[in-house]
Amino acid sequence: MAENLSTALQITVIGMGLVFGGILLLWGLMSLMLKMTTPKDEETKGAADVPTETDESYERKRLVAAMAVALALAEEEEQQKPRLFPMPPTAIVSAWQAVMRTNQLRRRGTR
Amino acid sequence: MNYAELWDELSKGITHFTAGNMVMMAVGGILIALAVLKEYEPVLLLPIGFGCVLANIPLTGMNEADGLFGVLYDAGIKTELFPLLIFIGVGAMIDFSPLLAMPRMALLGAAGQFGIFGTLILATLLGFPINEAASIGVIGAIDGPTSIFVATKLAPNLLAPIAVAAYSYMSLIPIIQPPLIRLLTTPAERRIQMPYTPRPVSPRTLVVFPIGVTVVVGLLVPDATPLISMLMLGNLLRESHVVDRLSKAVQNELINVTTLFLGITIGSTMVASKFLEVDTLLILALGLIAFVLDTVAGLLFGKLLSRVTGGNINPIIGAAGISAFPMAGRLAAQIAQEEDPDNYILMHAMGANTAGQLGSVMAGGILLALVTGVL
Amino acid sequence: MNYAELWDELSKGITHFTAGNMVMMAVGGILIALAVLKEYEPVLLLPIGFGCVLANIPLTGMNEADGLFGVLYDAGIKTELFPLLIFIGVGAMIDFSPLLAMPRMALLGAAGQFGIFGTLILATLLGFPINEAASIGVIGAIDGPTSIFVATKLAPNLLAPIAVAAYSYMSLIPIIQPPLIRLLTTPAERRIQMPYTPRPVSPRTLVVFPIGVTVVVGLLVPDATPLISMLMLGNLLRESHVVDRLSKAVQNELINVTTLFLGITIGSTMVASKFLEVDTLLILALGLIAFVLDTVAGLLFGKLLSRVTGGNINPIIGAAGISAFPMAGRLAAQIAQEEDPDNYILMHAMGANTAGQLGSVMAGGILLALVTGVL
Amino acid sequence: MAENLSTALQITVIGMGLVFGGILLLWGLMSLMLKMTTPKDEETKGAADVPTETDESYERKRLVAAMAVALALAEEEEQQKPRLFPMPPTAIVSAWQAVMRTNQLRRRGTR
Amino acid sequence: MNYAELWDELSKGITHFTAGNMVMMAVGGILIALAVLKEYEPVLLLPIGFGCVLANIPLTGMNEADGLFGVLYDAGIKTELFPLLIFIGVGAMIDFSPLLAMPRMALLGAAGQFGIFGTLILATLLGFPINEAASIGVIGAIDGPTSIFVATKLAPNLLAPIAVAAYSYMSLIPIIQPPLIRLLTTPAERRIQMPYTPRPVSPRTLVVFPIGVTVVVGLLVPDATPLISMLMLGNLLRESHVVDRLSKAVQNELINVTTLFLGITIGSTMVASKFLEVDTLLILALGLIAFVLDTVAGLLFGKLLSRVTGGNINPIIGAAGISAFPMAGRLAAQIAQEEDPDNYILMHAMGANTAGQLGSVMAGGILLALVTGVL
Amino acid sequence: MAENLSTALQITVIGMGLVFGGILLLWGLMSLMLKMTTPKDEETKGAADVPTETDESYERKRLVAAMAVALALAEEEEQQKPRLFPMPPTAIVSAWQAVMRTNQLRRRGTR
């Protein structure tokens, strides 16, 4: 029992260490893949479109756009076919996706 | 024709019915009620509940090796086929682009796994041997297939309560997490906005991602390979965009039928004689604790990051790092919006949430490796 | 290279082809013709017929233990997996609300099972041992999966002719029943109108019903549990309305594929050497009798009720109590309307019909219990 | 053989007895469930709407309604998705269901 | 707790990773790339590639008898279940009316099988034993399921490279055939128009066809029965028009899931230790040759017929006789139209193509019979 | 090896022979089935409609019809459900089928 406990503690320390290690590796892996697979121009273009955090009105515009899409989605029928979300580097579109995702997530996923 | 014998034959059902069976039928009924009335994970709780009711009807022969449940158990649980096939479908439903757009979100997927190990310690304190303690801890993966996969390997005798806990608690997220979030974060923290400035993610990245993850995780944590690889296979079918018919098949035909079979088979293991023990109650209690520990660890880590980054990260998304895709992610975003209607952090929450999904599988594999290593 | 041997190898198909094989191929061809031209239960008779044709091609190895049919037989028939999976889908297609709206209609589901026992007696008179006689009698359940389930347990050697009879006669309902109905009922009786005044049936009732039936029938007739429980599982998936994707899956993916496999596998057991015997013809004849006895008993009981209730019940619906869902119910309603265009008894007929479905399964289980009890 | 026959006869008597017993039990079970699961008001409301058997014109009206629905149904496309029949306690609707059922039953069930 | 041991346990994945595994992962990656970027048979090359990557991660246990791949291999490959189930779906997708409308087109389905035997000879010259040589030759059937079926029976050890070759070359048709066609036919020949004057084909013929083919081929070539019969079963489901739900099920649910399983399982056999041998490269090379020989033989026979009929037959359709349904047929028609936009020979090409499909299966069965006959 | 080769050669000769034999048999079988299953009138009617090979304009007409159908098909939505091609004995329709087939074949079959 006492021995079990010590084992458990060691497993916890090593285990959490490995989990964090693995996640950090994953982070590195992702950054690497992004670097390797993203064409230069996109990279820059992506950067260009990025809005500054202070741009209040922009945030609001994005939200409005989002809502508009949400409403549009609310109406459309065919819920069945799985939606795919290409992720182009323009911020406004990503707001649109954001809403699609919310909308998708609102639906009872596994029902 | 011996009427005495005949009568025994005819009345065997009732004469062998025990109070325990009665109790377990009530349990099964409750699970069904939760599924139908509250819609808690109905696709799983409904079959599990029905299987539980069935398993407690005496002498139906369905639990025998050549009975329906025996056959399904050997075919799908003992071989781990069911959880793996379900993972293919789940993988095809997950969109990793929010995570790939903000790789740093991955960090939040690590802390959310602490519940697994915290519970392992508690279970050992309660006297469970390491293999059982670990199986109980893995409820903290808050991911059905992972829990079933690990429990089947380490302590198949505890499969039923572990699977039930894993799936029922997962459906209790909207009830368990909000109070914890409000308790551990200040309104100011919850109002922190995180502008969504994604790095561009090319379709190619989305295709390379599942393959890369499979190879790297596979090499580092071989025990996690079956789970992670099937999850990634599904995701590859999805993101490749060239095999829509396969992607659709695993998201529908395959996952639906497998889920139904998995559900009734798990439920069929909830026989009074085996299920009605103190251990079961302990396991259910420990499962709940694992769940709480996950959330707490996730939130505290979120607050830490928030400090470190000078308030650029909303700690709520830490709670999404426990996996439980996609509920946890959705919930975190909703709470942030309740605090401030303009606070839109769904993308970040989903990033942390999917990272948590990956973290859970890794943690499960690591646990498996460590326990088999020390035994 | 030995040409003599080689020639034997190449010509083995023709040299081993027997007249019996020829006959059985013709039989298979007839089944296919019935399916394609007359559309008699095509989903089953077509695969059965094709399997029959195939099984009578010599030395294909498909009937060996490791051949396609051997594998399917061991996987789905010996384990009774196929009939049970089909029942899940059937249950999801049945709407019990007409029965629940008029519980008294249940009575008509009992008389329609007499054919099972009547045939059992006849079969014993013809010298069949009890277990075989019972398996033959269960053709009178007029319900494919039930017949297959019982026959597999009591007399697997007779499975082929029993399954064929069960399914082909079921498709002959529109031909066999009308004359019997006209013979046994007066135009006046057939014109009896039954105003449809349903008791309100809440969705909750529809959800509780399958669970209640499973438990009660399960406890009283454990041998019927596998069948009744899978039927009710399907119905629960349907009525719960919270697992549409599962309900759809069992009504389509699952039942379609299983039906195809069941069909060709049953057909593959119709090998000349085993099938071409006097017994087979006797079984086919007895099956037809079972069918007639069912209908007659149902109608007579209907007339009795009609008398008892002072002409408030149209005896035709008695013929719907034999199960054979939904054809029998539809047919009864149509005959009533032919007699009087304003006579609309479909709801009552369907009530009796679904009750007959339940009665058939119960009868099958009771028969199983009694026979195993006396053996 | 003679012995077999007597066994068969006994099985028949006991068997049919049990079948009837089971069905009667089922009847009771159903009535019980209806009692337990039906909210009071519905019960009465249901009773209220029930037409008297002599009400000829009503019968005819119901049939007409039925036909109307039948026609409507005849047109509609998607035969695939399984129909569900909520059973509210008003008689006219039950005619409507009746037709939906006929319509459903007309379709080659298992094809 | 022994840290040395533990470290071994944790690092086992990397320490057991070999250069060979690395190479095979690259191969898997290439297959995936071909599937995603070039869309070469993606439904098969994608799963095969992914399975290959997975199989070369050390010590995952997935290739063990009780691992996922072990289970799938025993369930679907060893029993030949997967290729046969896929054939049911393929049969339901094939329309034989162009062939039935012009029965003489059948002739072109014979010549296109020469590659099988030509390659058999070459393989023997390279020192392969007859059974292996035959399995390699059957790549020339240019039909996945046939190749897998025959290879599993004659030389399971070569299954992986044979399956890979069969499917990857099939997807290379648009690249390999055109030059051969242009090389072996004159523009004048390619411009030959074949007016489409079909004999009337009644629906009844379409229903009788699959049954007749099954019986005749089955009796003459018992070893080909499993393949031909499942192909024809699917076609019967399609043409009978009375079992749409079954026809749809085999064309979707059944074939999709089976294809996915077949793919990853085949891929999982591409383990470095077994796959990285000179033989493998030889097999891949021989497979390509088989493919070329098929096309050449088909074209030459087409030219012969063209001469014999006094220029009434466009020799291009000879290239469609190699099977590889439907790509080869489509391609032949396209090349003819490139030569002369008014030259419309799709119907004839599809006739030859479907005949080639039948010829391939027959050839496979004949080869099986001959080899088992001489061994 | 030398022995293997001779075996291989024999297998080739016998094998190709059997393949051709089988195919010829298939040809006969098909002709037989067509004879047996085709009603007389259709037979003749079919023959009647057959255009002469020299009829250039006819060929062109058929192609035009084909294209028209192709366009029509291009627009229609539901690609999913498997198409069935009844084969009536009139040549113009068979052009139509031809196009449907092309159209079907163009679609990535197994995707």
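Just a few scattered comments:
Chains: A, B, C, D, E and F, in written order; residue numbering restarts at 1 for each.
Everything below uses one rule, namely that a contact is a pair of C-beta atoms (placed from the backbone, for glycine too) under 8 Å apart; a residue touches a chain by one contact, two chains touch by 3 or more.
Computed from a prediction, not measured in an experiment: that's the story for all the values here.
Interface residue usage between chain B and chain E, two copies of one sequence, is largely distinct: under half of the residue numbers at the contact are used by both copies. Relative to chain E, the most remote chain by averaged C-alpha coordinates is D. With centres defined as mean CA coordinates, chain D is found 51 Å away from chain A. Chain geometry summary: the mean Cα position of chain A and that of chain B are 20 Å apart. In chain D, the residues touching two or more other chains are 7, 14, 18, 110-111. Across the assembly, chain B contributes residues 1, 6, 10, 39, 42-43, 220-221, 242-243, 245, 248, 253, 259, 370, 374 that each touch 2 or more other chains. Considering their complex, residues 39, 41-43, 92-93, 95, 97-101, 103-104, 106-107, 109-110, 113-114, 116-118, 120-121, 123-125, 127, 129-130, 133-134, 193, 195-206, 208-209, 212-213, 216-217, 220-221, 238, 241, 247-248, 251, 259, 326-327, 329-330, 333, 342, 344, 346-347, 350, 355, 358-359, 362-363, 366-367, 370-371, 374 of chain C touch chain D. On the side of chain C, the complex with chain E involves touching residues 1-2, 5-6, 9-10, 12-14, 17, 25, 29, 32, 35-36, 39, 42-43, 46-47, 50, 53-54, 57-62, 66-68, 71, 252-253, 256-257, 259-260, 264.
By the touch criterion given at the top, residues 1, 4-5, 7-9, 11-12, 14-16, 18-20, 22-27, 29-31, 33-34, 36-39, 42-43, 45-46, 50-51, 53, 59-60, 62-63, 66, 81-82, 84-89, 91, 94-95, 98, 101-102, 105-106, 108-111 of chain D touch chain C in their complex. The touching residues of chain B, when paired with chain E in their complex, are 79-81, 84, 88, 207, 211, 214-215, 218-223, 225-226, 229-230, 233, 236-237, 240, 242-243, 245-246, 248-250, 253-254, 369-370, 372-374.
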